[in-house]
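In what follows, chain A forms one complex with chain B and a second complex with chain C.
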Partner chain A sequence: MSSVDVRARMNAIGVLKEKFKIILDQIQRGEKPTLVMPKRVLSNTIYDEKNKMLLLGPDVLRRSLIDVNEARKFMQTLLMASIIYEALVNNEYPTIRDLYYRGKHSIGYRDVDGKLVHENTWDEQKESDSVIRDLEVFMNVLREEMLILSKEKGKVVGNLVIKSGDDTIDLSKMGHGAYSIEPTPDLVEFKDVDAEYVLVVEKDAVFQQLHRYGFWRKYRAILVTSAGQPDRATRRFVRRLNEELKLPVYVLTDSDPYGFYIYSVFKIGSITLSYESERLATPSARFIGVSMTDVFGDEVFREVLDEVKEVGGFTKTALGKLKKKKPYLSESERRNYVIKAKQRDIERAVELVGYDVADKCVESSELRSKLKKKEGLTGYPWFRTPNWVRELCIFFKTLNKLEIEAMASKGLKFLADTYIPSKIEGGDWID
Partner chain B sequence: MSSVDVRARMNAIGVLKEKFKIILDQIQRGEKPTLVMPKRVLSNTIYDEKNKMLLLGPDVLRRSLIDVNEARKFMQTLLMASIIYEALVNNEYPTIRDLYYRGKHSIGYRDVDGKLVHENTWDEQKESDSVIRDLEVFMNVLREEMLILSKEKGKVVGNLVIKSGDDTIDLSKMGHGAYSIEPTPDLVEFKDVDAEYVLVVEKDAVFQQLHRYGFWRKYRAILVTSAGQPDRATRRFVRRLNEELKLPVYVLTDSDPYGFYIYSVFKIGSITLSYESERLATPSARFIGVSMTDVFGDEVFREVLDEVKEVGGFTKTALGKLKKKKPYLSESERRNYVIKAKQRDIERAVELVGYDVADKCVESSELRSKLKKKEGLTGYPWFRTPNWVRELCIFFKTLNKLEIEAMASKGLKFLADTYIPSKIEGGDWID
Partner chain C sequence: MSSEAVEKYKAISPAEFFYKYKEIAGFANPARALYQTVRELVENALDATDSHGILPDIKVVIQRADPVQEFYRVTVEDNGIGIPPDIVPNAFGRVLFSSKYVLRQTRGMYGLGVKMAVLYGQMTTGRPIEVITSKREYRRIYFFKIRIDINKNEPVVLERGSWRKQRDWHGTIVSLTIEGDWGKAKARIKEYINRTATVTPYANIVMYTPDNEVILYKRVIETMPRPPKEVKPHPYGVDLEMLKMIIESSKEPTILEVLVENFQSVGEVTAKDLLSKAGIDPSSNPRDLKEDDLLRLINTMKSYNQFKPPSSSAISPLGVEVIKAGLTRMFEPEFVDAVTRKPSTYEGHPFIVEAGIAYGGKVPLSEADKPILLRYANKIPLLYDEGSDVITSVVKEDIAWDNYMVAFPAQLVLLVHVCSTKVPFKGVGKESIADVPEVRREIKLAISEVARRLRGYLTAKQKELETQRKVVHLAKYIPEIARSLEVIFSGDGFDKDTLVKRLVGIISAKTGIPENKINEVIRGVEIGA
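Moving on to the complex of A and B:
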């Protein structure tokens, strides 16, 4: 067992003991055992515009043993804390699925009429996962810091030397393979770096291509892939590269609402898990593409500028000030490469930017009336910027999307030596 | 660019030129340009019992330019070959998605009535992928050998030193992370190994746990995960470990028909892609668990021995000779850990072992009559063995399944130091 793991265990054990001593103290003082923790609900989630972060607000909840409505949750919380504690002292590395199984059992008791009743500690993993999240918030510790493992998809290569466990690993010496990021990225030590930026690629296959092409060597980049929707470890790893090594982070995804969302998970986090974001998000992450304007230019947007101008309180000037954009694709390339958007793409886009933008930009009246039922959606604040309104308006107007692979099919050289460098050097990203 | 890549390119270019010279020769001789290749269909797929392999049979198909029914496919094949050729000489690393985009365009021509008609080279990736498979069969070359990349989920750690690209990589020095297998595993060179076997774990999270626990160091294993359904590169990598380093391969999956199927993909391959299996499958791979008998013992099976005995031509003796098995789980552990099988688990199980076994073992008459519509399914030959009939019969009788995580929740020590070693040392696997 490596010494970093031993230290992490000791830390986590210390925090657990300290935080749950409260209960002992309460009992000794003859008080009702009660846990007080921040409320993990949307209404208590605040978007901090200045720092571009989701934070938990000031609302707290109380969980008491002596309250019929809260007793079950109270017991679940203590059960989970004790299972995690046991795992820590026994040198175990549980997963959240494990923890679910470890705690799952029936408790038999007699109800007020003396009848024997059985109740399960929890039925579904959803329930035990939610308890783990409560503990993270209550203790202000990420589950990874309690050595709870999970599957991990993220990979990295580049001029970066790290220490993980007892090994020193040179991430520029991975051959054609790559280094799989560990599930506890806070235990990684950065030893040496020679890079100018981090390029995060949504798709593993594109990562493979750029890696094989020698992109990261040529452009002194740290190349990372999240292999789709990023997991927590990949997000935390990228955040640490940004925060500790002061490397700017650029995110490359498909040109579709799903890709935009992946960027947003790296940058801001998930709105329902805001407490994670403080540690996992990279607020300064930049979206370099593939943008809708890279595919279509922005003429179609300029046509509707007058209509869109009042959306989200923008003035025509704010939107009109956007630099004109020429597409990277010719008319015929576009014809061969773009894909029709699916219903779920359109719905995701409305979620991101809000119903009002969709309503102004969608051309088909049939689709517009269909979207009427999404009227309540106001969009995420960080997508209500002139640049993103333009992007999503073009999406609504064209109802098309484009995969990064289409850019690569113009030649890997085009993607690696023209598209990405010109976007970065030209400052042509969305912040 | 690494020298192995250059060599691989030269090889692939050579094979392409040689194989397609046939067309030139045919034209020069005034013959109709025709490609002859093995038929990739189920009826031309043979299961070689002795070598435990799926092979393509002797049937061939002819694809001729001067045949209205074949002209389109003929042109697609030549188009794809030329795109791959271009990519090879231009030092590109396309993905199959790329190749789809690169070839996708409309061809305009005048039909017999002089009307201008447009036809797409291909519409969906399914179509271009099928053409790539044709080329693999026609040239007897895997797409990876033509430097066609793909996403890659497989990871490995252990006492193994490899050379990949220009780097020498010690897979015992990956810290808490792991080495991501490259998408062209044939270009990996094995330099040094100190291991007794390969343990392939279906689930990435379980791989993480065993890795962190130091399992591979303690038991001198090469630890691999396919992170779910294995991709081609992981299968080929495992096959090479087995074939070239003479290491026995053990596969650890969930105890459910899906897990059994993952094992079968490693061992035999996919019945519809039999041509790959010759290179990607590991016929000697052993299933160490989690087996149904590990969970339930085999008493429930012995109860129905008389009814099952004639299934698949087994005698009662053959089935009765199976060693008695005691479960690894107690009654109460079982109660907390097993999960109810879903409809799709049951259907997958019928696919694997055949309708007749299901019919004898399922207890509920309602379910039995529901399964009647699967009567045509005769099962895969490699699942029609006494051991697998017992496994799947127990599945049908209990309609329960179990995840590896449930085994780990008895303690990682139990999984790592008791379950896996006792299965391997005791020879308690299915071959």
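Moving on to the complex of A and C:
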């Protein structure tokens, strides 16, 4: 077992014992045993402007055995802690599904009327997963740091040599394949690197095309894909590349609200799991594209500006000062490649940037009234920037989206040799 | 009623009258007659005991008395006060002869009960009544066979005798042979005995049936209702017939003295005031007064507003203890309570309402709209005409049961007892109580009060159950929690038993639930694989 592994185990065991010693001491002192942890709810999620990431707020949850509503969860938390503890000391790498099975058993007891009742420690995996998340916030240790595995999804190639376990792996020698980012990215050691930046692409297919094209070798990039919604390991890995190797990170996604959101998960964190952000988010990640202005230019947006005083809380003048943008696609290419946005895409866009922007930019009054039900949405602060307001306004106005594959079908060469390099060189990204 | 009709009414002998109209007294057919006979004899037996401070021992024997015909011999024995031998013939052989005309709450009141049974027996089997009786202070026991001369309303003593007492016995044994229908009457008679026993937990009651069944209700308490005291009638409650009877039986020479001596709340000053208001000379001979005078006197008495209210010492409520013991003996309920209201009056008659409630245990399930109702008037169970009884309408209309956490059907028995020197019965049947506002009000108050207490119990029970649930809910997790902590801390001087003990202590301290209860739950926990 590698020393990193051993160190990680020792650390997790230490924290676990330390945190549960508090409970033990409470019991020994005759106090009611109470787990105190940050509240893991949306209302206790705050956007840290300074560090540009989502964090848990100051609200805490007190989970006491004496509280009838919390007793079961209290038991589950201790049960889960004991299973994780056992796995750690036994040098195991359980998955969350393993933990679910290991902890699932019945508790038989006599009801008030003397009936024998059997209750499961937990019923569905949803329940035990939630307990794992509680433990992560209670101990302030991520599951990866407790050596709990999840499915591998992310992939990486590039001029990077790593050590994983006892093996040294050269990520530039993966053939047509790629290195799967392991579920315990903290156990990876970076040995040697020769790269200028990290390019994260949302789509696996595009990753493979760029890989075969030799993109990373040509442009000295480390190429990563999250294959859709990024998992924790991929985010942690990208974060380490950025933090430890000081490589700038560029994210390439579809040109639609869902792609924009994926970018924000890398950069800021996920809204529902904000407690992980501190260690998973890469606040300096840049959105390279595909942006709406890459597809449509900024003509459309200026048309809107002619008719209003402000959009998304920014004055016409402020928005007018945004860098001019020419589209990467010709009129006819555009006609060929763009797809019509679905209602789901439109609603997601409202969530990202806020109802007021939609109200200003959507042309059809029928659609505007349809969106009325979203009136309360004010958008996420990190999307309320002039650049993103422009992007989403264009989306609302055109109600079109574009998948990166379309860029690739214009010619892989175009994507690899023109689009990406020129965007990076020209500083044409959103920060 | 015109005076002419009264004349005619008086023309036939009362014995003859009741002989002809036996339905009115409950002797319509052999089944009813058997039931009614048992009732009359048992009620006389109880009157002869508990009204005189004697703990009743009552034995009822019903036997087939003829191999062919449906003749039954009903024998009721009591350990009561007995009857003086010179009274026996009249008591059992003269209709309307009673020792109970005085104002005092008793079960019997009309002075005809047992004689109806005698007449019925005479009519159907031709056999006389047999009476064996002795009072405590007598050295001898007396024996009689009597029949009634219907035309003359006179007893005919067929046989009499006496013998020396061998042991210290007192009481009365009455035997009657009548035509009956045990098959049809059985259920009712058993119910009657059961319901009687419910309010006489201080009595030993045993019944031997023709089916060779022995039904026994053993005494469970020694406390008896306080015996009723004899009181003089209150002027408000007196009618013309009663006034005539009082005058007839009085020995005072003047009407003034009659009033002072025979009525409560009437002193010399009041009596003079009344007489002058009625225009009657205080010194006149009461037996010379005309019916007109008497009517005026009655009206004056009724409108006079300075009397003290009627005394309630003549009525004998069962009392809370007796009701609770009775309901407990019958139903072994989970909860029982009772209330005796303070005395009240209607139309010059004092009355008291009592209510008892029994919940759960062996109480059967009620109907869908009301509790099981046990109605009593002067300690007599009312078995018929429940629908027309004021108690029923109070229970259905005046009580919002859901306010008392009761939803029907429920395992709920409600006992209501109305006692008075004159219970306002509906009709001669004596089976239901009339809707008299004052009485209705008291019934409602009594029921509300016991219902409130039931609610108190149910609320407490619910809370208790919630606490118990809470214990289970917390304690069932202790073994798992202890096991988990043991995994993490074993080897660090961790002791699981001490930890469990501590946890139990903490839960007990924070919830107020005793440690042994928590331990009990923990012992029942099995952690599965």
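The rule is simple: the second predicted complex is superposed on the first by the 420 of 431 C-alpha atoms of A that agree within 3 Å, B and C clash if a C-alpha of one lies under 4 Å from a C-alpha of the other, contacts with A are read in each partner's own complex, and residues count from 1 in each chain.
The working rule: a residue touches a chain if its C-beta (ideal position, glycine included) is under 8 Å from a C-beta of that chain, and two chains touch if they have at least 3 such contacts.
Since this is a predicted model, take the numbers as computed values, not measurements.
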{"item": "Partner chain(s) touched by A:33 [first = chain B, second = chain C, both, neither]", "value": "second"}
{"item": "Partner chain(s) touched by A:119 [first = chain B, second = chain C, both, neither]", "value": "second"}
{"item": "Which superposed partner A:162 touches (first chain B, second chain C, both, neither)", "value": "first"}
{"item": "Partner chain in contact with A:75 - chain B first, chain C second, else both or neither", "value": "second"}
{"item": "Chain B versus chain C as contact partner of A:16, first or second or both or neither", "value": "second"}
{"item": "When both partners are placed on the shared chain, which of chain B and chain C touches more of chain A", "value": "B"}
{"item": "Chain B versus chain C as contact partner of A:304, first or second or both or neither", "value": "neither"}
{"item": "Chain B versus chain C as contact partner of A:61, first or second or both or neither", "value": "neither"}
{"item": "Which superposed partner A:105 touches (first chain B, second chain C, both, neither)", "value": "both"}
{"item": "Common interface residues of chain A - those touching chain B in one complex and chain C in the other", "value": "105"}
{"item": "Residue numbers on chain A that touch chain C, as the complex places them", "value": "16-17, 20-21, 23-24, 27-28, 30-33, 65-66, 68, 71-72, 74-75, 78-79, 81-82, 85-86, 105-112, 118-119, 121"}
{"item": "Of chain C, residues touching chain A in the complex", "value": "465, 468-470, 472-474, 476-477, 479-481, 483-485, 487-489, 494, 499, 502-503, 505-507, 509-511, 521, 524-529"}
{"item": "Chain B to chain A touching residues, read off their complex", "value": "1-2, 5, 90, 92-95, 97-99, 101-102, 104-105, 149-153, 155, 162-169, 173-184, 187-188, 203-206, 208-209, 212-214, 227, 332, 336-337, 403, 405-406, 408-409, 411-413"}
